[in-house]
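Structures given as structure tokens follow.
You will see chain A twice below: alongside chain B first, and alongside chain C after that.
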Partner chain A sequence: MTENASSLIKHTALMRPDGHAADFCLGCGTCAAGCPMTGIDGFDPRKIVRMAMLGRDEQLAASSLPWLCTLCGRCENACPMGINIVGLIRSARGLTEKDKTPTAIRKGLEMLLETGNILGLPEEDFGFIITDVAEELNEQPGFEDFTVPLEKKDARLLCTLHNKLVNIQNEDLIHWWKIFHLADESWTLPARNWEGVNWGLFSGEDQVLKVAVDNIVQNMERLDARHLMYPE
Partner chain B sequence: MEYIESGRITLDRSKISQKVAYHDPCNYGRKSKEMFGYAYYHEPRWILNKCTPNWVDLEPSRNSQYCCGGGGGLMLTTLDDQREYYSRRKIEQIKHSGASLIVVPCHSCHGQIKAMAQKYNLPDIQVKYLWEVVADSLVVE
Partner chain C sequence: MSKPGRFVVAGAGISGVRASLDLAETGHEVVLLDTAPVSGGILLALDRQFPNDHCGMCRMLPMLDRDQSKYFCMRLGMFHKNVTFMPNTEIKEIGGGPGDLKVLLQSWSAKVDPDLCNGCGDCLEVCPVSLPDDLADSLSLRKAIFKPGPNTSPSTLAIDPDSCILCGKCKEVCQTGAITLGPDYEQTLEEKVTAVIMATGVEYFDPGDASMYGYGKYADVITSLAFERMLSSSGPTQGRILRPSDGAPAENIAWIQCVGSRNLRLGADHCSGACCMFALKQAGLSMEKGSRPTIFYMDMRTFGRDWQKYLDRASSSGLRLVRCRPHSLEARNGGGLMLSYSPVPGELIDEHFDLVVLSVGRAPGWKGPDFSDQDGVLVTGGSKRLLDISRSLVSASSVSFRAAMISGSPVQAEQGDSITSQRVKVKSKVLVVGGGPAGLSASLALAGQGISVVIVEKNDFLGGNVSQISDAEARERIRELVRDAEKNQDIEILLKSRPMEFSGTTGNFQTHVLDQQNKGPIIEHGAVILASGGSQSTLPASLVHPKVMTVFDLHRRLDDPEIKEKDLNCLVFIQCFETRTKEKNYCSRLCCPTALRSVEKIRSTHPESRIIFFYRDIMTPGDLEHLYTRARELGAIFIPYQTDIPPKLILEKEQVVVEGFDPYLGEEVKFKADLVGLGSGLGPGSGHELAELFGIRVDREGFLIEADPKWRPVDSGREGIFICGLARNPVSLDEAVDEGRAAAQRAMRLVYNPQARMSVSTARIRPALCSMCGLCWTVCPYFARYPGSKGAMEVDPLACQGCGACVAICPNHASVLEVQGD
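Showing the complex of A and B:
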């Protein structure tokens, strides 16, 4: 019997609070049965656990397997041994060579590091979009005096935004604004680093994950906001 | 919930007329349970119920809910065929519910279900955010 190689993927995957390392796998296949991606392009969560267990990091990171997953957690939910399968997959993604990670994610992450948002939208353009949509809302009865409290200090609630809402889905900005307006909420929107989506979570890069979180923490401190609202 | 309970906003339960179904995003359910020890299954349903009496659960739901198929960054890859095939179960589940409005509180699920309803030829299926349904039901004085 050959000895198992050590696996970085296995050791860097965060442990579930009640979870166990990949070595506990019984090979029962419950994860595979519960996963909607099983069988598509050879995907199988059990295969991923097995590869991490045997230390086949390079083979796993070079395959398309980690990127086919939606990280939905159905496999883990079913696993009788509580193995952190999603964590293994995320760690495997982090080991993928930079030029082999999906282009959209790579570009978004570069933009995030450079400009504080995934779109690379400048502060001025962001302000223009927000004001424009607010003016449209002013045309609706009951919202004539609505304004967006950009950069307001001491608000109860600081909102971050999903980048979609200042890109292709501007019209969906107004739902929360209407609710806030009628509830007379004390809220604010930061003029920069408003990005609420953290692609470092998907790409498996903890450094990028941290930068995105730091951006938000700095906004909270700068504006003295008490609560934080994420887009989802 | 706080706004509704305290009366800071008032909702009209008769504004939405069609049959509604609720979808649990992984981030509100399985992921939240894993990371924070609590899954938000009750709260969004409580809010939806304040907006309309005519809503149902998709089957299976909560912990066993089918994933939308667009999460985890998959929508950002070029694996579109795989993503589409993956969603066949989600679409079957939605069809089975008989609902024409799917309510989701997640941007990924929203984008994916909307795109897949197009791909699978269900142009009459509407997809809305939970807070959008709340905003649509607001009583404006």
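Showing the complex of A and C:
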């Protein structure tokens, strides 16, 4: 095989915060020894780094390797050469052709761009769920007068939500709200684009990453909130 | 001849002791100081050293005029008539200029009077303060009053002022009244000296900074220094290898290499230079005690002449080597640790170990004031770079010689003193065989001290391999040595000549030197320095091809305008080419740095070309590690190979193809190379012939062998004959120059005094009883016997150390030991 020296993956990985180029790799295997995926379907971080070093971008992007990774970062955290391994993998994912990205991620991304949240939950349904959970909390002693400050202006804290809290783990919302209520916190929840999970991070698509961030920035500006709470 | 110089040596580790002894042995006075209460430095914690698993520190002691020094284990301390040791002392200020320095020393109170303390240890029982023992690297506790070294003499205790709470219990219990606990006092003292030598040494990385290995969290994770104490019978476990967590025997032991070194994340872009050998030694010793060792490593840095053989011995006796760096470890129920590692891509292993030893990296350690920029202050190599024992000593000797040169010509032999011993006249001339960098630097050093030198060189030019040297700056340095030697009136140069006959005794040798017409003088000399050099290995005839060459030739060729302008799409280096094999079992040390330096050169003219290295272990100890890091940064690709599947070279008419296996990809790889560099190494020149002529030892490959690889690196073992440079071992230019100077220093002890003093105790032969059976000749460890002309064996009076081996073996009682004087 003819090896092509220049690698877009290697190059764009370097534009992410922290970390050295793949070139520094010593092949020591610290990454692989700490990786939860090593050995599964032939996965090994050394292989990914090596492919980037050799400029095998196409081969890497077309393989399942970048998508086997959990992006947990144990590899990068221990790498003695400080190589931006997660960054490399994200860059490789970003080069994957759209129809080859895993279906779940692809669908979530489409929803995110379309509706502002990964579930594709319309604004009306979101309002309904929030009101319903708030009513549930009103039944508890001491929280009879609790209301959700939806779209409140000039709050100290703007809160984003992990979509799970809106979907299947409603009770976790109650924990948060109890704290806010007892602490007499000035807070707000945006009625749309409340999504606190940025799947652009997982897909390696920086433009999607930016859309999701812009959504939150716009909420902050629109509601004049002073601080952002980003639990995810 | 001038009067003796006076010197301050700061730091009483092995480098400081070596420099002090060198100066003392040539008649100078030395003030040796250390911030610690005892001398010995880090060596106090190390029991045995590779490659022979002995200690042998005492081999540094003078063997000429030996009665000036006290002869016992140097772990007790160091005592020489010309050396004053000042513990608990540091340099505060240095003023003046070279030859006339004013040094302000500051000492702090010892609190325990060494003249009164008898080392009974009653105070240790009552002291209420306990803290981790530095010497055992926290493996055990010590009190605020403690024994600063395991075996120091006198066995004085010391008080650590930082942890002492001044409760006075030790003072109450002390039967000799040795303890004073008053307010701290400091004493300052001004010394007027010729020069100052800084030998402040190294310090070890604190593995607490590499948290994934659980140091400080899990008791069964210890440093290599703590393990060293565990191996020692004077250590906290009396030499038993135990799990600190529960005291159970540790059977399965893992070493993790490069903790705190070779780590850009920690800003440690260096290799400690000795940990691989250190771990091999520890693992080997642990096997003797019944443990099963495993070493996790990245490159096994067995660089140099002997270390590969040491590794082979360890491997063949069951040592397990695993090439990878573990990620992290976890404690396991029931003791011990679970280590995760991945030796082969795609394979993850969790393995239980009783004990994990972290091979902690070293770094230059001195945190006190830095005087190194001051004129007249010299710094030993071991304080600037990470060196093993022998290189530290060579550098210390080289530095001590430079210090002595500041004082001018050598000191006159002193007359009339308390020791009565016979004297032997010696010739104040030194024969140097070989006119390369080592020989030239030895010659210039000696001539600088007024000793006349004869250089015998086989070629019709000086400078040795100068034309083969790939680095232009290095070539110029050698040419400068040649020019200096040629114009020095104390140096006689005999070109196209070789030594043919050698005879005589230490201090009075005769060597017949012949030129190409078999004519030449008989030279009478006191000492001889063998610096006969070597050269790069030639490639086999099957590999003759315009695109294939040694890494040294390739590095030089990169300067050719023709190469600079040529299209170079791909260059391939194959390291350890036919070296570190059964036939040629050593590492030449220079192939890796040379090839790595080539990468920068290639990149300056060919930024896009592909650079591939096939390697076994990249050998870049110490700061040379920068070269390896830089080469990777510049995009060179490194592919490790195993000796059983080396990369294949396919030579065709127009091109060369290199095929190999990339273990990370798990695929065969193939490169069409425009140039191929082979790291085929260096070899000694005429080692075997010289060894035979001068009666010294030589190894299978033809390298001359020293008396002791650690402690007497440039002594041949036969007094008066010294070895240095490439004739002894593969060295860089700097090291060759240092070794030359160190050999000069050793020769200087012998020839500076025209009336050298014999030992008080030497052997003598009773000729009437001698049957010339030769048994004494074979057992004498100092080559101090030879068959005399009068039908009896004779004794070389300066070489004899009075050990008595000859007395014990002589069947006729012809050999006797005599003590002169009182």
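In this text, the second predicted complex is superposed on the first by the 223 of 232 C-alpha atoms of A that agree within 3 Å, B and C clash if a C-alpha of one lies under 4 Å from a C-alpha of the other, contacts with A are read in each partner's own complex, and residues count from 1 in each chain.
Convention: a contact is a pair of C-beta atoms (placed from the backbone, for glycine too) under 8 Å apart; a residue touches a chain by one contact, two chains touch by 3 or more.
These figures come from a predicted structure and were not determined experimentally.
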Contacts of A:164 with chain B and chain C, given as first, second, both or neither: first
Chain B versus chain C as contact partner of A:54, first or second or both or neither: second
Which of chain B and chain C A:231 touches, first, second, both or neither: first
First (chain B), second (chain C), both or neither touched by A:133: neither
Contacts of A:92 with chain B and chain C, given as first, second, both or neither: neither
Chain B versus chain C as contact partner of A:13, first or second or both or neither: neither
Which of chain B and chain C A:72 touches, first, second, both or neither: first
First, second, both or neither for A:104, with chain B first and chain C second: first
Chain B and chain C footprints on chain A, overlapping residues: 74
Residues on chain A engaged by chain C in the complex (per definition of touch): 1, 3, 5, 20-21, 23-35, 38-39, 42-44, 46-47, 49-51, 53-54, 74, 78-82
Residue numbers on chain C that touch chain A, as the complex places them: 212, 258, 262-266, 298, 324-328, 340-343, 345-348, 608, 610, 629, 632-635, 637-638, 640, 662-667, 669-671
In the complex with chain A, residue positions of chain B that touch it: 3, 8-9, 25-27, 30-31, 34, 37, 63-64, 66-74, 76-79, 82, 85-86, 89-90, 105-108, 111, 129, 131-132, 134-135, 138, 140-141
In the complex, chain A residues that touch chain B: 16-17, 36-37, 40-41, 64, 67-74, 76-77, 86, 102-105, 108, 141-143, 162, 164, 172, 174-176, 178-179, 182-185, 197, 199, 202-203, 231-232
